Each structure stands twice: as C-alpha cells, then as structure tokens.
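Note that the chains are named A, B, C and D in the order they appear, and that numbering of residues resets to 1 at the start of each chain.
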Amino acid sequence: MSVSVAFIGLGAMGYRMAAHLPKAFQSVWVWNRSFEKAEQHAKTYGTQAVSIEQATQADIIFSCLPTSRQVEDIIQAHPPKAGAIWVDCTSGEPESAKRMVEFLKTYQADFLDAPVSGQTIGAEKGTLTVMIGGDQAAFERAYPAIETFGGLIKHVGDAGAGFAVKAVNNMLLAVHLWAAAEGFTALKASGVDLNSALECINASSGKSGVTETTLPQRILNRSFPLTFALPLLAKDTGIALNLAQQAKLPTPLLSLIQNLIQAANLTAAPDSDFSAAVKLYEDWTKITIQ
Amino acid sequence: MSVSVAFIGLGAMGYRMAAHLPKAFQSVWVWNRSFEKAEQHAKTYGTQAVSIEQATQADIIFSCLPTSRQVEDIIQAHPPKAGAIWVDCTSGEPESAKRMVEFLKTYQADFLDAPVSGQTIGAEKGTLTVMIGGDQAAFERAYPAIETFGGLIKHVGDAGAGFAVKAVNNMLLAVHLWAAAEGFTALKASGVDLNSALECINASSGKSGVTETTLPQRILNRSFPLTFALPLLAKDTGIALNLAQQAKLPTPLLSLIQNLIQAANLTAAPDSDFSAAVKLYEDWTKITIQ
Amino acid sequence: MSVSVAFIGLGAMGYRMAAHLPKAFQSVWVWNRSFEKAEQHAKTYGTQAVSIEQATQADIIFSCLPTSRQVEDIIQAHPPKAGAIWVDCTSGEPESAKRMVEFLKTYQADFLDAPVSGQTIGAEKGTLTVMIGGDQAAFERAYPAIETFGGLIKHVGDAGAGFAVKAVNNMLLAVHLWAAAEGFTALKASGVDLNSALECINASSGKSGVTETTLPQRILNRSFPLTFALPLLAKDTGIALNLAQQAKLPTPLLSLIQNLIQAANLTAAPDSDFSAAVKLYEDWTKITIQ
Amino acid sequence: MSVSVAFIGLGAMGYRMAAHLPKAFQSVWVWNRSFEKAEQHAKTYGTQAVSIEQATQADIIFSCLPTSRQVEDIIQAHPPKAGAIWVDCTSGEPESAKRMVEFLKTYQADFLDAPVSGQTIGAEKGTLTVMIGGDQAAFERAYPAIETFGGLIKHVGDAGAGFAVKAVNNMLLAVHLWAAAEGFTALKASGVDLNSALECINASSGKSGVTETTLPQRILNRSFPLTFALPLLAKDTGIALNLAQQAKLPTPLLSLIQNLIQAANLTAAPDSDFSAAVKLYEDWTKITIQ
C-alpha cells in the first residue's frame, strides 16, 4: 500500500515545496486556508486538493504556516492517525515543538520540527536547508519525503532543536543586517564609494550573507522585494531571545538587535521585506544606503 | 634606471608581503626595528636589508606597522624624496592618512592608505585584498608593486577611504564574532549539537566569515591561534567608531561591540588572538563554546 | 467578632512588617518555613505562631516570599476561606497576580498584589511604600492592616499593577546603579575626586537614589552590606523586561541593563548585595569605585 | 584699587548669573555678541556694557557660551592681562580646559573650568552648583566672585575636572531620562496609572532627578519648555563619552545612551528641550508618555 503525504499551508514557501512531493509519492494531498490555492496547486503539479480532515489523516503531514500557534490549532482540532509523522516546516517555537511531541504521543504519532532556509528560490529548486529536531527514527522515516525539497538535511537534536537553530540563524541575519546598515552608513558619510567597499569586504573577513546577498540585491538597489516579511523576522528574533532567556543567559547584543528590529517593525510600512529594517536607521541618519 | 622599492615593518604580514616584491623589482630594500628580521628576509628572499635612512629614499615605500602613530613618526623623521609614493598597509586611522597626504605634499611625494585583508595565509600566497584611498594617479603608479601581493586591489576613494573600509570590515568581523558567541551559547544551553547547527547556518542566511572560518577553525576546536592580536581588533573597532562619531552618526550596535571588545581585551590573557574575545562571554555564562 | 490577620514569610522584610500588625489587630498569626522564626516572632511581638493550615484561614493573609512561584504553591495547596483577602507583598510577577485573582474567585476570596519598597529600615519604622494592584473594594477593606507598616499606600491599578510598578522601580534602580558605575569610573580615570564629584552631582540634575544613597553608603565605602540580594534584583529586572516584551515594546536600554545585571549575578560571589553588581564592571576596568 | 569683573555671554544662564556680581563688585562689565542684551543688562542691573576688548582686560573674566570652541576663539583673539583669572562657566570639554590653562600661562593668567548646574531658576536665585577644576590658588582668589551666584561651590580637581563632572552629571541625566521613558511606557502599556506609579517610585529606590522633576514638570504634562536645548545635551553626552574613551574604558550603557540621544537630536524639531528626547521613543512605540 502506498504512502500518503500531505502539505498544509501553501504560502510562498509551501507552494513551491509541495510541488516536489509528486516526484517521490503517488498520493500527495494539499490543503490551504484560501482553498483556490490548493486547487491551483493540484492543477499545476498533479497533487490533490483535499479537506483539512483528509489532509491530517495522511501518513506524513507537512505544515508550513506563519507561526506555531496556527500549527497547534490545526493539530489539536485534527490530530493525525496512529503511526503518522507530522513534519512542521514553520519557523516555530522550540517550546511548541516540545508540547506537540507530548500531545501527539497520546495519538501514537510523531512530531518533527523541521524549519527550512533558502528562500523561495531554494524552495523552487528543491535545495532548501532543513534543520530537524525530534525523534531519530521518525526523522529517518520522514527522510525520503523531506529529501524531495531539501539540499542539506540535518538532524540537529531533540524536539525543538530545529526551531532553535532556525531562530538563531535568523537572529544572526538580523545582527548582520543592522551592522551592515551602521557600517556602510559610516562609510558613506566619510565619502567612500559603497560598491567598491562592498567588493572589498566581501573578499575579506567582515563578509556575511548580508553583505554578499542582501545588501547588493535588496538594499543598495533600493528594491526591498517582499520575500521574507519583516514581522516574521521580528518574531524569529523574539524566539531566539526567548531561547537565551530560558537558559538565563545574558545576551546584550541579541537583546539590542531584537529591540531594534522590533522598533523597525513597529514603524515600517505594511508588507515590508525584512531588509527594510534598515529604513529605521536611515530615518535617524537622513543618509540613504545606496 | 630601475625603480627601487622598500618595505618597512616585517611583522607576520609584512614579512610575507615583502617576499613577493622581488618578482617584479630588482632593488627591494627591507627594514625592521629588530634588524635581524630584515637580514633574515634578505637571505631568504633575495632582498636587501638597509638602514631606515636608505629605505625611506626608495621610489615606492611600503609600511606595515601596528598603528598609524608609528608610521607618522617614521615619515616625519625620514620624509621621502620628491616623486616618491608612500604606500601604508597598516590598519590605520583615516585622519592620519589625511595628515600624511598634506605633510608629504610639501615634499612633493604621495601617500596612499592601502590596508590589506586576508591574514598571513593571503600574504603568503599573494592574494590579499587591498583597499586603497588617495590620489588616483599615485594609485596607478604604485599598482605594479601592490599587485605582487594583492588579489583584489581596489581604489575606494580619497585619502583615508582605504583605512575606513578596513576599519569597518574589522568592526563587522567583531560584530559577527560576538553575535556567534551569544547565538551558539544559546543553542548549546538548549542542548543543540553545535557542529550540526554550524553546518546548517553556513548553508543559510545567517552565515558570515566568522561562522564559516573563525568558529570552526579557532573557537570550536579551542585552538585560538595567534594570527591577529585582540588588541589590534580593539584598536580597529575604535577607528570604525571614530569614523561614525566624526559624522555624528548614532551607532548603537557598533558602540556596544566596541565596548565589549574593549572589555574583552582588558580582561584577556597576553598575546590573545582576536577570536579569544569570546572568552569574556564564556566567563559570564560558564558555558564553553565547543 | 474580631478580624484575624496572618503573615506568611518572616524574612528580613516580613519579620519586621508583621511586628506592626498587633498595633491594630488582636489575632495576629505568623508562619514561616523555618518555624523557629515564627516562634521567636511570637515571643518578641506578641503574635501567635500557627500552622500553615491555620494561617491561610485568616480574614486577611499577608505573604512576603522570594518569588511568585512560592506564593502560588501555598495558595494552591491551602486556599483561603470565602471573604478572605490575600495581600501578597512579594516582589512578584504581574501574570501571577492575574492568575491568583482568577484562582481565588472560585473561592470567593480576593487577591491584592502589594509589593513594598523602603528596605529593612522602612519595614522597621513602618514607613514602607506599598504599591497595590487589584480590586478597589478589597484594597479598602485591607487598608487598615496595610497601614500598620505602610507610609505611602497607593492603589495603582488592576491586578498585577502593583507588581509592575515595583519591577519598574527596581529596573530603574539597576539602570541608575550601572550608570553610576560607568560614570564615576570615567571620572576616577580622569583624576577627579569622587566624593567631591558626588556632592556636586547630588546637588544637580544627574542625581538619583543611587547617587544619594547606594553609592556613598554601600559602594564608595566598599561595605556592600547584604540587605537586598543581587539574585533578587536580577529576577526583578527580568520581570520588568517581561512586562515590556508582553507589550511588544522595544526597550534597548532596559534590555541592556537586564543583561548586565544577569551577567553580574552569574559571576558574583554568593550572598552578594545588589550593589555588588558594580564589581563586574570593576573586573573589566581594573578600577575600583572608591 | 578696586577689582574689575567681566561677564562674557549673556544667554539664559549668563544673563541671570551676571546680575548677582554688582552685589560684591563695583566695576562689573558685561559683553554679548548681540550687544543690545548687554545694554539691557546694564540698564536693569547697574552693570556696564563694554567692548570685548575691554571685557577681556578685567581682573576676573567669566564666560558662559554654548561650546568650548567659542570660548577658545575669544581667548585667543583677546588674551587677558597678566594676573587675571578666566572663569569659564560653559559646559565645556576637559581637553579645552587643559589647552587654555597652557595658553594662558604664557600670559601669566589663570584659567578655571567652572561649569554650573541648577538651570535658570538657580541662576536667578544665585544658588547654582559650581564644579571647578584648575589651580587651587586661582580658585581661592576667584571664590568671592563665584560666590555671588553659587550655592554649592566645589573644587573637584585639576584643569578639566569641573567640565568632566558636569559632563558626567548630564550623561546621568540622559540615562535617567531614557530609562524613565522606557519604564513608564511599559507601565502605561500594562494599564498602570502613571501619576500613581510616579508617586510610588519617587518614594522608593528607583527615584531620580528625572522622576522627581523632569517627568512631572515637562513630560507628563506635555509642556517640554525650552530651558536646556536638546543639542546641548547631545553635546554633553558626547563629552562624557570622550572622557571614557580617552581612558579606554568600556562603557556599554553610556555609549548606548549617547547614541540614542544623538538619534533623538537628529530627528527632533528645532528648538527642542532636552526632555523632548523621549519623543523619539514615542515614535517607535506609538504610546504617549502622559
């Protein structure tokens, strides 16, 4: 009997991720709150648009939603069947992963936290980085499904570990972003050509994913394309900070950044890309980073 | 008549940089305060160990010293001849570059600030990134000499621009270093395997030169090899902050990092590598980053 | 029939606070985990040392314990009788006050959060500042009992408001403390006489409770007497920060201070007074504030 | 022969300070760039409006100008006579005091840095706090003149010590101000009545000059009266930070505040009072502190 796989949440990431599942599975069910998206997905990729009741009865269920709260609501309303594995690709909260593992135990089902990195382009190409927390055996059983859209697929620890790594990754992204804003503004104020400076720094020890990608492709060209929304980055920095606070760690740098990203988010235009956080800094300095 | 080239300051970087000059020049003069180093260099690479008086009379003079103050002291005591170009590869202060340009004008000589990035390995291979500020024509005349040890060679602006870019590069390095310390400590406190986390982050948006190189090669393996001294990083973050302050820019993040690096430097063991700055954080948390 | 009043938790503060209750009430019951303290209190002040079961059946029950968790444990194990008022003088968490109000509703009893300020000297003299959150009618009924040890007694809002004000007060104390450490160290490093500087600042706009009291009486004289433990200040700054975070407020300053106090607490000697937080800063600078 | 005293700079402070000099001296000369102010002062208080050439030839010369630069310009253009004492009440830079002491030595004249605190009300009543750096004998000779407008008059150290204490005082003011903004916003967001909270905190350990005066008299009533301009507070926090940086001290808190005040100043309306710095924070949170 063939394995059924479901994908819940067809946003910018999920829509592209779910498109790879038919490569390896015959029964691929998709569901989305705005159901036309599910129907469109079915028509385009040969998946089946199904009800939430059916989707949650698959052998392997993926979810990719804005926050852990929405995932928990669906799981509690529609628990999976015994033996199922729920693979949550949301950028979620470590605490939620622990709660869902416990909750699904009573249904004899497994929960893996499996957030992804690589943006829409990685989702499209099936080269996403997937960082996974939870039971090792469940991880191995889910592997063939995850593999359809994953490049680097890594089991990083127990329940919540995947969410923790993703949150710290995004916190580092936020730190690097704000640091680049301050540093390049100082260079511009000193009359340095920013493109030349960027080329040097990207060949030096101060480089980061932000200087290599975000700065040239989103900020210096003033495009700020909305592919990863600023409120989600604000949420993720909050998750990373909670992680540190639960361990009672002092984190002066992470705290400062979480505050600045929060202030940027509060003052940003609606539908701002995460890279637009630098606009708060531009407001202070009256210097445009370009 | 052949061009004479001199190199002043044969430290870990200068010793290796000067070794490339004989590839393109017949008269290569070297000088070092501990003169045996100059003699050893001459014997090994076919350069000539000369007096400071002779070295400063070359057509092109390179300097690579701990701070701008030492460079200024030598220049003022031994000004170059008319038509000479002084190429200062020190990680120096933009204000010093402006002063030296003015000072050398009265001797009809040029000054370029030309700090390098790429560590001893880049100096050895001759693939250093060189970021240069100053007169365009002088830059072009000095190019063949710089090319012997440079990979990416970039004219980034007027006098001081090279020093400014280098200072900001090293400030970003410091930010990324401290951010990694806080972030990876939070992960470790949560029971996440750091090597797996590192592999994921290096394939994701939160990566930096620190996560790709410093963390695995110096910190996680607890080696902290002394190739770039912590007091020099403290000095460079100070230069970057001065740059911002002269433009009256608010820089909450850069200020915090400069303070933390300064505190780390004040409490560090003698001869600490820059990467050992994380030990201050480890003192607070009692968690070793490994 | 006369009103019975109980006091649970005879620490440095509670012991002195409970001593005032016999001025206004005939039946004053006291309880403490180390029961000898209760017996000693009874002997000294004419109160009655009773079991926890009896104490929690008083008409008005005061509690003054290290954290909200301990208060909740006692309340849940020994809920008060209908009509009773529980007045919690712990420096507790606003969320806990809201939970206890709800919990006691099922027992038709009231809960007031009523933290105090004024240290042991204020407790002894009966001049404590009491900041109270919760039901207005319950506040008025409990007023005669609170009045026995209170100077300024203020109803500041709904459930949790008292705890919130206390947490912010202690956060401000922490900010002022760290600011004084940095500022006076800078003055000392510049050769200024600290006692003269302090006299000037206390007559000027930069003064605070810290410059007026903490600095001269605990730090400059190097006495650091243990009257308010550093771990409790660390807890209180955490409560204040939670308050801000639940409102999703950016608070760069409060976050930094909470981190520094946490680091100070992690590295402090056991049984350190809150004022000893400055020793972390002295470790960095090698300058003693005296 | 009687002693002549001059006052240079009749701003909001100087105008009122100079008004006390005729109480003790017969020859009181005043000068101001807008000369009508000097004439008005003469008419009102019985002083003499004189040229800058005459003013700088007095036995004791007071100056009270926006910045040290303006004081230095006047001193260099119009050095005092031998035996004179220049008493600079500007909130100036310690480095400037050292330079002026050296400069006046060649004219056999003395320089005291003597900044004041107490605002216009203190200037009017003659109760200013005066913190003085420089030569002890010169201090004693100038004392009778300083005494006319001073309450607490304190010799705090060598040249520059007075400016240093004033700068740190104003930095503490800035810290306390921003801390109050964050703390009271958190309370308001939690539904606490701010006036009640303020009353409690002013009777507790978290009080400061800001909670006692600035908050009730300038912010909560939304008056923000211009008596101490925000750009001057930004300048003073910069002086305090320079002091720390010259001693190579890490000062994470003072640095953060200097940055925030600088950002507040860059985004403030023209002619903003220092207390209006909180408006930057209100911009972030959309919560008005009242």
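Please note the rule applied: a residue touches a chain if its C-beta (ideal position, glycine included) is under 8 Å from a C-beta of that chain, and two chains touch if they have at least 3 such contacts.
Predicted model only: the values in this text are computed from it and were never measured.
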More contacting C-beta pairs: B-C or C-D? C-D
How many degrees of rotation carry the C-alpha atoms of chain B onto those of chain D, rounded to the nearest 5? 180
Between chain A and chain C, centroid-to-centroid distance (C-alpha), Å: 42
Centroid spacing, where centroids are CA-atom means, of chain C and chain D in whole angstrom: 37
At what distance in angstrom does the C-alpha mean of chain C lie from that of chain B? 52
For chain A, residues that touch 2 or more chains besides their own: 249-252, 256, 260, 263, 266, 284-285
Residue ranges of chain C touching chain B (in the complex, touch as defined): 252, 256, 263, 266-267, 283-286
Which positions of chain B touch chain A when the two form their complex? 94, 117-119, 129, 131, 133, 151-152, 154-158, 160-161, 164-165, 168-173, 175-176, 178-180, 182-187, 189-193, 196-197, 199-201, 203-209, 211, 213-214, 240, 243-244, 246-247, 249-254, 256-257, 260, 284-285, 287
Inside the complex, what are the residues of chain D that reach chain B? 238, 245, 248-252, 255-256, 258-260, 262-263, 266
